[in-house]
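In what comes next, chain A is part of two complexes: it sits with chain B in the first one and with chain C in the second one.
== the complex of A and B ==
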């Protein structure tokens, strides 16, 4: 009963049903969508470990099956899918075209589940396209500039998709099969040139989705305009499909070739530079969603670095971070969405001081940023620790500095994010802001608990990761439920860390609360030290514009260099080139008729050369 | 369950010793600064007296729960950092939790307090506090890079990420890492200048510019807790650098001599220099300290 075709059937049938039911009984569309994700969650969770389905269509055999690696990402998609749809119920309640929204939303989820269970390249590509198309539909769902931003996303997705497609065609033409089991491990049967092309094309294709620089330019805008619940899924799960693909290409194809170390080295540095530059761009943003979008690009950079380094510890760190990033970035996008829902803006220079009005969202955002920052005792620390240790111990001395600079600089944008939205002056404009409804709080609270638990027991997540790594033919690594080890015999025991932090924190927290409890009173944020001047009611005391001006000054040359400009330039050049092409495609029927005649004439004249026969 | 009473003793006494040493260093600094500037200066117990006075104050105001907990975050980080650093070499009492100590872990736990403090300062709504935090975080990106370069050089040279192992390497005077890896020491000590926040890198506090920045809304018990935390944290950082570069200490007298000498480097530098602008301060760390750090790694690798 529980098998992969059912999962896909549920996802796609649920998608169509929620579209149809939108026109029949609008009240039922949300429950239908929610029910679909609940069913998906159960089915994915209960899916037997060795399901395998072969479907014969013409000459091709489509194979769907579960692997530990696919299941890791499958669970992620199912869980996040459920959370984001639950979050949507109230967030999207007042929006239009909800049937369209839920249909595409479920199509994306179905597409992603299809990708992780594909065991041949045809299915992989098919589901990849479903995912891309429906996510494109959601990017253009609303908001201004959605058209041009959607186009940018579409163009880059198309570049990615065609790269993958050409790679697949090359594989098929040289190996005659597209089954994973016939290709993985047999890659050396084809010539080196084709091997190199296939690997580069596939990495480009998957790299687009994981926003690898310089293929990232679509991401900040697309993340910023898509509706918040979808942004959470977009950055959380959809970008991980790119990581999923790169993982497959690296460990199943490239690892068996002679030039593996070059691929690793190049990819690691691209990842490192992506992490650093994206972090710097994030610091300069004023829109919370764009900031988080650049932050996502940076985090994906770390993941790529981890995968590319290729030591067991670094791969574990990368997969750990991939799962964790999905969770914490969804938390942050959801908190931002909550702010957007109540204030109507995500501009960090406008909103401020929401902490007392939206405590749950604040706590979610707080735990989110602590996890991103990698500060103990939350889950982010384990990921960062494993990544650094593996980088240092595998001799990537300068890459570790780049990564470290990026993650220290990440504190800047993280603080700005939480400070601008939730802390700072409590302004009159936002006096009547309320906390979001419980349907939005539940996913946020659950994920907050998740990062906390993972921080204390990283082993919970490392168990499925180590079986996924087994599938990727990576050597096992050492870990215990809450103890991490490195190759030089160092270790960190999270239990001791968490216990000592908790003990000191609680002790002193109680002390400071009890001491003078009655005399400690609350005062507003207008009642502050301003060197004797008393601020008037409407005086703006918020420090939010150009928050990191000094820092931006010191990295000015880096910020100026924008790859987007290069693409715009390329676009202009093409546009001019197409202008010349217009002389050829005149739009006049007579001219086209002439072309046809000319083409036939050429065909007749050179037929021997082309086809080897005389027509 | 066996309770090792010596460890319990260490866990209780270490923060207290750290506090007393740190606060005395703070007082001495004020006096030394005064003498260099040809003033008489306050007594060296002044900081301790200030803190006692602040603890005994009754009324306190707060701007919300994050500000309330900000100083607690800070002191938690200070004390926890201290617990994971071996204070006295091979001592049963003062080992605390340092057998688990790991340099990468220490780097991150040290940030924990600043982050909490920044959040606390953020909730006060004081623009000067926000400016101070923004400067502080920017500057941190500056000095962390040379510091990590120096740490990576050392970790690679001795093939360990553990502080205890580094101490074991430096048995004799000639084995101190300052002599084994002088370039790493230079990069580290320049980063240390920024870390301690004395002039010319006092952009965070900047008394005449932004009215002491982040702590400006904290008074009474909050300020007392913050000052306590600062004293402990100063000591923790000094011990960390002593352990990394100066071979640690086997007894308290050696420890005090070494940490005091180390402490005088940023203090004395601070007295003769005016303040940098924030971007100058950041760029400073990305010039010579960075070069020394890279050289230190290259020397190890080649």
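== the complex of A and C ==
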């Protein structure tokens, strides 16, 4: 009963059903969608480890099967899918065209589950395309700029997907099969030229989805414009499909070739540069969602670095970060979505001081940024630690510097994010803002608990990761439930770390309570003196505009040199050229008759060239 | 039961319609429906027989190679079934769409066109082929001008102008052929063609390429197409894309495979296919009118079919046939949907479609569905055929062609999705109290279901494609069946 076809069937049937039911009984639409994701979660969780199924379609045998690697991402998709749909129930409640929304949402989830269970390239591509067009449909769901942004997203996705397809076609024409089991490990049977092309094309293709620079330009806008629940899934799970693919290509295809080290080296540097530049761009953003989008690009850069370095510890770090990023970035996007729902904007210069209005969202955002920053005791620390260790171990000192710079600079935008939205001065405009409904709180709370638990017991997550790595033919690495090791025998015991931090906090708490027990007084932001003056109601005491002006000025040349302009220019040139070209069809019958005659003349005159015969 | 019904019944109906029109206009509308129902009955009865062993029907008692014979093999079985299916939905769609008089002339011409195209597909005689080509072409010219407005007349005139080139070339080719081999039976020609001097053969080939290339929209011979598609009534656009062009490309490929299987011809076809596809897709990008855009897209798809035929291996011919089938369905759906979108918005311009998705959700949905399908996205049928074309082209080592096909797919995606997002996501909501008639929706619904079904179960069609492709490639079997049945 519990097998992969059922999982896919549930996802796609649920999608269609929620669309149909939207027109029949609108009230049932959300429960149907929610039920679908609950069922999916259960089915994916209970899926036997050795499921394998072959389906003949056309000339191809599609193979779907579970691998530890696929299951790792499958669980991620199912969990995030459930959380985001739960989050949507209230977030989207007042929106239009919900049938359309949920249908495409579930299509995306179904597509992603299809990808992770694919055991041949045809299924992989099939589900990849389903995921692509349904996510496109969600990007253009709302807002006025959505069309051009969505189109940009689709064009990049299409270019990515088609480069994967050319890779697939090349593989098929040289190996005659597209089954993973016949291709992985037999890659050296084909010529080096084709091997190189396949690997490069596939990395480009998967790189588009994981927003690898310079293929990232679609991401900030697409993330910013899509509805918040979907942004959480988009950045959390969808971008991980790119990572999933790159993992497959690197360890199942490239690892057996002679030029593996070059691929690794190049990819690692691209990842590193992506991490650094994206962080800089993030700092300069004023829109919270765009900030998080660039942050996502940066984090994906780290993951790519980890995968590319290719030591057991670095791969573990990358996969750990991949899962963790999915969770914490969803937390942040959900918190931002909560703010958006209550204030109607994600512009960080407008919203401020929501901490007491929306405590749950604040705590979620706080835990989110702590995880991003990699501060113990949350999960981000373990990920960053493993990544640094592995980089130093394998001698990538320059890369360490780049990554470290990016990681430090990340503090800037994280601080800006939480300060602008939640801290700062409480404003009259947002006086009546309330916390979001419980359906939106639950996913946020659960994920917050998750990052905390993973921080203390990284082993919980490292268990499935190490079995996934086994599938990728990577040597096992050392870890315990809450202890991480490096190669020099050093170790980090997370429990000790947590205990120390907890102790500090408890002592601090006791100290503050004892010291201030008597004269506690509730203080608002305006309850102060500035140089003897009492601030008036409208006076602005905190700043949100030009937050990092000096910093922005110092990196201005970087910000200005945008690859996006190059793409836009290329696109414009193409369109102009196409526009001229269409005047080949003049609309004049005589011209067309002339073409016919000319073509005949060409055929007759150049018959030797064309048919090899002189007439 | 005999394949001659495919030709005789529509022809008979075409003569009947003006007579019945004197009595009742409503009855006129029903006749094509009855014809198609009968033809589908014929198709269902003959299909299982023809797919295994070709049925060769002798007309007027003269045996081949002297008389005219019909050849109902797997390929013809497939194509006649397709024409019947598309014809049926076009009739269903036209039922409420064609309200302008003279209705009986529309249906008469439509029936003539069906006669012509099934004739092209079935005939085993090269002069007979010419006759049917003419019947089809003349019906098509008149249908283009059916609305009797200035633009329609102009488009029809251009079509006529270029079409007469086509007739001339084909006739010249047949004359030359007959002068050299003294027979008109296609199977017989195939046996005797090798005795003809090579230069003559090439000259005949060039004439066929020119003549049939015009009808099958090969660049640069396709100047007539964008105008004809966009100025004719919308169901006629589907007729062109789904039936006329398909029959013509069949004729071209049948002749080439039967008589001129030089390797260099095939390369030439691939190159022409690529050029046709690229120029058409690029031109489609900046079109202002939706039906013109669809016309260019149609040409582009034909380019893809020509490429696949040009590769000339068994998988590629199969892929070409599959692509033809899918394109016929999907482009008809798009023309149908576009027809009502144009009707509701009151303008042929793409910019007039803003927000129509809210006002006319079902029609817009069909358009969006068709757009996704024709780009070649899963799980629609277009995905599989494009994939098959790509794989078969790559298997012959033509990687540049693969890259160019995918490049044009990106372009295709851009212009289609632009329209789709305009439909749904531009705020300006135009409202039109008129509703899309049920018959039109049913026609589109049938196509949608078939597209989806084939998308999930491509074997349904592919299964029959293998014998069809083999028929085209296996010259000896054709000759044997055609001459010594």
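Keep in mind that, in the parts below, the second predicted complex is superposed on the first by the 579 of 615 C-alpha atoms of A that agree within 3 Å, B and C clash if a C-alpha of one lies under 4 Å from a C-alpha of the other, contacts with A are read in each partner's own complex, and residues count from 1 in each chain.
The working rule: a contact is a pair of C-beta atoms (placed from the backbone, for glycine too) under 8 Å apart; a residue touches a chain by one contact, two chains touch by 3 or more.
What you see is a predicted model; the values in this text were computed from it and never measured.
Enquirer: Kindly classify A:262 by the partners it touches after superposition: chain B alone (first), chain C alone (second), both, or neither?
Expert: So A:262 meets neither chain B nor chain C here.
Enquirer: After the superposition on A, what does A:384 contact: first (chain B), second (chain C), both or neither?
Expert: Touch status of A:384: first partner only.
Enquirer: Have a look at where A:550 lands relative to chain B and chain C in the superposition and call it first, second, both or neither.
Expert: First partner only.
Enquirer: Which holds for A:497: it touches chain B only (first), chain C only (second), both, or neither?
Expert: A:497 sits against chain B, while chain C stays out of touch.
Enquirer: Return the chain, chain B or chain C, that is in touch with more residues of chain A.
Expert: When the residues of chain A touched by each partner are counted, B comes out ahead.
Enquirer: Is A:412 touching the first partner chain B, the second partner chain C, both, or neither of them?
Expert: first
Enquirer: Could you say whether A:375 touches chain B, chain C, both of them, or neither, answering first, second, both or neither?
Expert: First partner only, chain B.
Enquirer: Under the touch definition given earlier, write down the residues of chain A that touch chain B in their complex.
Expert: Going by the criterion above, the answer is residues 353, 355-356, 366, 370, 373-376, 381, 384-385, 388-389, 392, 395, 397-398, 400-401, 404-405, 408-409, 411-412, 415-416, 418-419, 423-426, 486, 488-493, 496-497, 500-501, 504-505, 508-509, 512-513, 515-516, 519-531, 541-543, 547-548, 550-551, 553-554.
Enquirer: Can you name the residues of chain B that touch chain A in the complex?
Expert: 58-66, 68-69, 71-73, 75-76, 79-80, 83, 97, 100, 102, 104-105, 108-109, 111-112, 115, 118-119, 122-128, 130-131, 133-135, 137-138, 140-142, 144-145, 148-149, 152-153, 155-156, 159-162, 211, 216-217, 220-222, 225, 277-279, 282-283, 286, 293-294, 297, 301
Enquirer: Contact residues on chain C for chain A in the complex?
Expert: 154, 157-158, 161-162, 165, 169, 198-199, 202-203, 205-206, 209-210, 214, 220-221, 223-224, 226-227, 262, 264-265, 268, 279, 282-287, 315, 372, 377-379, 383-384, 387-388, 390-391, 394-395, 397, 399, 402-403, 406, 409-411, 413-414, 417-418, 421-422, 424-427, 457-459, 462
Enquirer: Please output the residues of chain A touching chain C within their complex, sorted ascending.
Expert: Within the complex, chain A contacts chain C at residues 56-59, 122, 125-127, 129-130, 132-133, 136, 140-142, 144, 146-147, 150-151, 154-155, 158-159, 162, 165-166, 169-170, 172-173, 575, 577-579, 581-582, 584-587, 589, 591-593, 595-596, 598-600, 603-604, 607, 610-615.
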